[in-house]
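One chain, chain A, links the two complexes that follow: it is found with chain B in the first and with chain C in the second.
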Partner chain A sequence: MNPSEEKDLNNWLIRSNTILQIAAILFALVFSAVILLMLGASPLDAFSLILSGAFGSSSKLAYVMTAWVPVLLCSAGLLVTFTAGLWNIGIEGQVVMGAVFATGLMQMLQDSFPPAVVLILAAFAGLLGGALWGMFAGGLRLYGNVNEIFGGLGLNFIAGSLTVYLVLGPWKRPGIGSTSGTQPFPPSLWLPTFKGFQVSPIEILLGLMAIILVGSALRGTHFGLRLRAVGKNLRAAFLKGISVEKHTLLAFGLCGALAGLAGWVLVVGTSSRHNLFPLISSGYGFLAILVVLLANLSAMWSVPISFFFAAISMGSLQLALQRQLDSSLGGVIQGMLLLSILVAKGLQSRLLFRRER
Partner chain B sequence: MDFSVLIASVLAASPPILFAVLGETITEKAGVINLSLDGSLLLTAMAGFIVALHSDSIIAGFLASMAVGAFIALIIAFMSLTLHQPQVATGFVLTLLSRDLAYVLGNPYAHLPGPQVAHTPVPGLKDIPLVGPILFDQNPVVYLSFLAIVVVWAYMFETRPGLKLQGLGERPAAAFVRGVNVTAMRYVHTLVGGALVGLGGASFSLMVKPGWARPYGVEGTGWIALAIVIFGGWKPIRAALGAYFFVALQTAVNLLQSAMPNVPTQLFPTLPFPLMILTLLLVTIGNAEWMSRVLSRLPEGMQRCLIRTLKTLQTSPPASLGVLFKKE
Partner chain C sequence: MKVELKDIHKYFGPIRANEGVNLSVEAGMLYGLLGENGAGKSTLMKILSGFLSPDKGEILLDGQTVRFNSPAQAVALGVGMLHQDPLDFPALRVMDNFLLGSPGSWLLDRHQTRKRLVELAHQFDFKLDPDALVSNLSIGERQQLEILRLLGLGVHILILDEPTTAISAQQREKLFEALHQLAGQGKTVIFVSHKLEEVKSLCSKVTVLAQGKVTGEVEMPYPTEGLIQMMFGQTITVGKRCAVELGHSVLELENLTVSDWRMEVKGLSLKVRAGEVIGLAGLEGSGQHLILKACAGLLRPSAGRIRIANQDITGRSYRHFIEAGVAYMPAGRLEEGLIAGMTLTEHTALVDRNPPFFVDWDLATKTASRRIEEYNIKGEPTTLVEELSGGNQQRTLLAFLPHSSKLLLMEHPSRGLDMESTEYIWKLLLNRTERGTAILFTSSDLDELLDRSDRVLTFFGGKVRIRETCNVNGLQLGESIGGKGFE
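This part shows the complex of A and B:
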């Protein structure tokens, strides 16, 4: 192949890639529109409802931004485990355990220390809770040969049972225990927000810092390189003297810690109910798995995609409130986007394969 | 409660998970993981209920569920076998997507009364003492589930395509050399497995848990089914026993609930899940390296006894499960 031909081929590949990606996004939208038509609803009405539900007012935008943070933190964590070639489906449970540890610590110390100290200590408790739960899944894989997908799922269920037990048992509200959760914390233990814009700068900063730190650590450090080696090829990494055991546990611990921090945000942050309740993780962890896969494991792309996904999730809540529709339509759009992008990726590599032959 | 009534109720509640486990066993035997079970079961349950309601035909409902299940499996097969994308990623997306689709499309049908599989005792056979009330005082779907275990077992171990299937998951290259069309065989078995999962979904909405709702109340079962496939060591009979074991566990937990009124009721449905992890640990821990080190230090009698127990429990997956096969 001479240079000009090669350049043509490259141009063609880039162009075909863009076209395929746009087609994939359009397909996901058309698919969702067809679903809406099947239900006798107007797609345009539903889509505009989602948009106005996400960006229609400053308070709605604030809501999206606070839902963005847990997804961002979980995405940062998942970048680590995915790089190490691990499927951390246990992330939901790690979020829950972060929330459990943070709540426990705050209940213990709220009367004896100033609020700021309690909040900071609770953040560390969240980090610890998530990290321990993550390393539990890692340990099951390493020492029990339990595939991390099933170990993680089982641990999700166990974390769920634990919150139900805590909320109805030892941590129940004075008087009646109910699944609506523990006694909410006083406003002094809420993260401070802007005046007139219900967003906590601390949350946003933490989320962005986490993904920037993880992104640059994975790209530019020796640690990132070793982690990638473990993810790409266990045997080669082993032969090079990289401890697979250590890196697996470390990856799970780091991801769990960031997920646990997301759990802390869900207890003290702006969008939270300021207490511990069953299902507190709200699917943010699973959503982050979709985000990171859609971003093709890029930290940079995870930032806008997680924001966009948070907007879809929050916006589609309006479908249930204002129309006779189920809010899961947001999930359909998100899932379909990823599925069709994966198809586009597959088609692209098929095309490439054909050209090479 | 009468013991035979108890066993009969376990058998009657088992078909959904049993069909799903058998279907996934076939799929994974061929070397493909259909991770979407938790979503597939919900979507096929919803589809079966709606079709049965509109057509007023239970059979149409079951067929629709099987078609939906096979279609989801087709996406997984196409993405993996034709487009060479990772199976776990596709399966995970389809889990969430199918679940959400079921909630969205099923929304207008929530809490509607609908058709249900009728109780059909087998005349004559049901009067056999002990066995009769357990096995033959059921409905056609339960009979079909018994039959399915036998058929899948016979197919896998007694027929030529079944034997080829064994090779497909273990050493696809060897199967290819012998003239087996690996990709086509994998497509077929993934689709058949998906259709069986669909049968499981319909058994939920038209029999065990008639109707539709959000949440439907069986969320999580698909993941359990995937774990039971591992527990079953990719063998149909052992997998079926695993399914019965799990449903028996659920029944036991329900009984426990009425026996222990002081414990919050919301806690009980979650109990089988931790137990599932423990059983999974039991069947996989024998493969761990440190285990053999620990065992070698024990006194000989105990060592032999433990090794034998672990070996019996131990299972290992088809060697090329989830691995792409490319003709070089």
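This part shows the complex of A and C:
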């Protein structure tokens, strides 16, 4: 191989995203395996347990699919805020507020309207609750000069505390108030599922529709285009006469609404406990942040990646049940994947930058 | 300590900031470095003080070649720089700022340090309270503090980059006294400025830079005309736009006062008519940027009125100015003008004022192709703007400004462009003036100002002089930029 060919090959190796990503995924797996070995477990055994825990039976697959929906909804929302250049860390709180609004509405109306109507109205309440909480973070950023990361973090805590207060206070179960949650809703207020396959087609449809709608809106509408302009260069977008204020608030509102809908799913959906309890958001929002970053803001890629993440989360539960290992090892694998991909990208741009200098 | 810079080269991409610069300054000398904005003075001094490393060339201190990898290293070897904008910590106290950057043990000896600070301040008759918050000090006092800090660190060579832009006359006098005192102690002082009068009164020897090269090294006193010629090159251009037909009033400023934290332009009145081109001259930051921003609706004036086509829009929002027919073209092409990561087609769709809900990508692509042809942009509709060359980026910016604008405001329309691109841009601009657009532009190029504008507003320290360009020559304009006629 002559020197110039060698250089071309080097360049190609650095530029090729596929190779980079495969290398990063391998690295993440190896690193996870090392951790498993340190814990005295066999990595191959653990990985196969995760796989069988996720796909081993139809009921396990159903479980994965129901965990997939909230992540999908949150990912759809985060695509909007990330496009606008915003770090909506407050998404967890927005999920919680969606659940709170939905629960509140259902408690108010469950005896006076038919269940279907109550469910639909509750969905809108969830959308509203999440949207308001999201726009709160947006407002803090725009008018209070509070970075949305810190604002969102604070609002997450407030939303969490609010659920504790509601569950132990005004909405406590008759007789004993406990942090296990409010009085569960009757099965008439559960989303219908397939017979013999515990998955609600409504949930799955909503999740997929949300991500398709968001993906196409970001590509094909003027709103999406302007949002991207704001995200890529705030100052230039402003100078072009685009209202940064309006687009920031809208982005937070939309993301919050979708997160709120995820909150509704967590109250009425298949995998839920059918009540409001503290920490109801269960980290789905944060998981979605990993998904969207890993998908590099692509709506299309967010679908399989969120499914994959849901599978790891559910599959790793088997580690605890069958091998007395902590189920949070699934989180380690997910986090390692993201970090490896980000580091690989960082190294790539660094090497390219050096070459071009 | 004697300083020598030998054959210094520094490039930023295609921009040649320094090209073979030589400089030699003896110890105990008050040395002037004179030049227009963008002449390469700051770059050269940043190289000498370790902020930048040269692409080629060497630095000698007392005959020894040195290499700095950081400003801290430069300070350790005795070279300190006072920057144009104070690089201090406003949230900290005077004492803490004085302590910062001092080498030594982990523990601070506050008592000893305080004594040193007070002594040093006393020596130069600076009145600094060690416990005051830096954010409560004036710019002049912050400079004094920074000078003391550098001296406290044992600096032998003190570089001052445009130190007088934001300080009062009394503070300036005190500063100059201190500089004389320092030179008397055998320290080397390099005074970087574009203000002729100050350099003339302060320095004993001067090097003039223009476009990255040394154009002269002279002992003072030296005639002003000579210095100006070195600063601006051959000043043979004479204003040519003598008989241009002008239309109705497009922009009217009435007793306009605008200010930012360091500068105020007071009571400016101006009437601009359709088709008129007005150049805003002056050294960077002399007030011209304030007027341009105020006319764009980006800076709210503290007094006076702004009228666009006889409609008073003082104090309205930037969007309102856009709707009134004002278009603003910023200097930072990729920072403020265009959006990196988006294509020409996407930019076309983005400036659609009343868009439908969905983007019509076919139409946008067609419009982009048409603009590319009209404005002779070397690119495709799918080209990302950051892949275009500077000249093509400038044309792109211009192509996306609304055609119907009444008033076009531009910062440095030809900065960084070659002759051909510059000519082309101005051809496009003149086309617009013939259709009734009035243009206000800032520039630091005397030829451009004289060639292109009907009138020039010269700014000096916030003061403004208005003059017709017809038959004015470059020397006269250069003198006025340097402050002649303002004092």
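As a working rule, the second predicted complex is superposed on the first by the 334 of 357 C-alpha atoms of A that agree within 3 Å, B and C clash if a C-alpha of one lies under 4 Å from a C-alpha of the other, contacts with A are read in each partner's own complex, and residues count from 1 in each chain.
To be clear about the criterion, a residue touches a chain if its C-beta (ideal position, glycine included) is under 8 Å from a C-beta of that chain, and two chains touch if they have at least 3 such contacts.
It should be emphasised that the depicted structure is a prediction, and the values quoted were computed from it without experimental measurement.
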{"item": "Simultaneous placement of chain C and chain B on chain A, clash or fit", "value": "clash"}
{"item": "Which of chain B and chain C A:G220 touches, first, second, both or neither", "value": "second"}
{"item": "Touched partner set for A:A33, first chain B, second chain C, both or neither", "value": "neither"}
{"item": "Contacts of A:L338 with chain B and chain C, given as first, second, both or neither", "value": "first"}
{"item": "Contacts of A:N233 with chain B and chain C, given as first, second, both or neither", "value": "second"}
{"item": "Dominant contact partner of chain A by residue count, chain C or chain B", "value": "B"}
{"item": "Touched partner set for A:W87, first chain B, second chain C, both or neither", "value": "first"}
{"item": "Touching partner for A:I212 - first (chain B), second (chain C), both, neither", "value": "neither"}
{"item": "Touched partner set for A:L153, first chain B, second chain C, both or neither", "value": "first"}
{"item": "Touching partner for A:S243 - first (chain B), second (chain C), both, neither", "value": "second"}
{"item": "Touching partner for A:G169 - first (chain B), second (chain C), both, neither", "value": "first"}
{"item": "Single chain B stretch clashing with chain C - from 44-52, 98-106, 134-142 or 170-178", "value": "170-178"}
{"item": "Residues of chain A contacting chain B in one complex and chain C in the other", "value": "none"}
{"item": "Partner chain C, residues of chain A touching it in the complex", "value": "220-226, 228-229, 232-233, 235-243"}
{"item": "Complex interface listing, chain A residues touching chain B", "value": "35, 38-39, 87, 89, 140, 143-147, 149-151, 153-155, 157-158, 160-161, 164-165, 168-169, 177, 179, 278, 286, 289-290, 293, 324-326, 328-332, 334-336, 338-339, 342-343, 345-347, 349-350"}
{"item": "Interfacial residue positions of chain C with respect to chain A in the complex", "value": "318-319, 322, 328, 330, 335-342, 346, 349-353, 355-359, 361"}
{"item": "Partner chain A, residues of chain B touching it in the complex", "value": "35, 75, 79, 82-85, 88-90, 92-94, 96-97, 99-101, 103-108, 214, 220, 223, 226-227, 230, 264, 266-267, 270-271, 273-274, 276-277, 280-281, 284-285, 287-288, 290"}
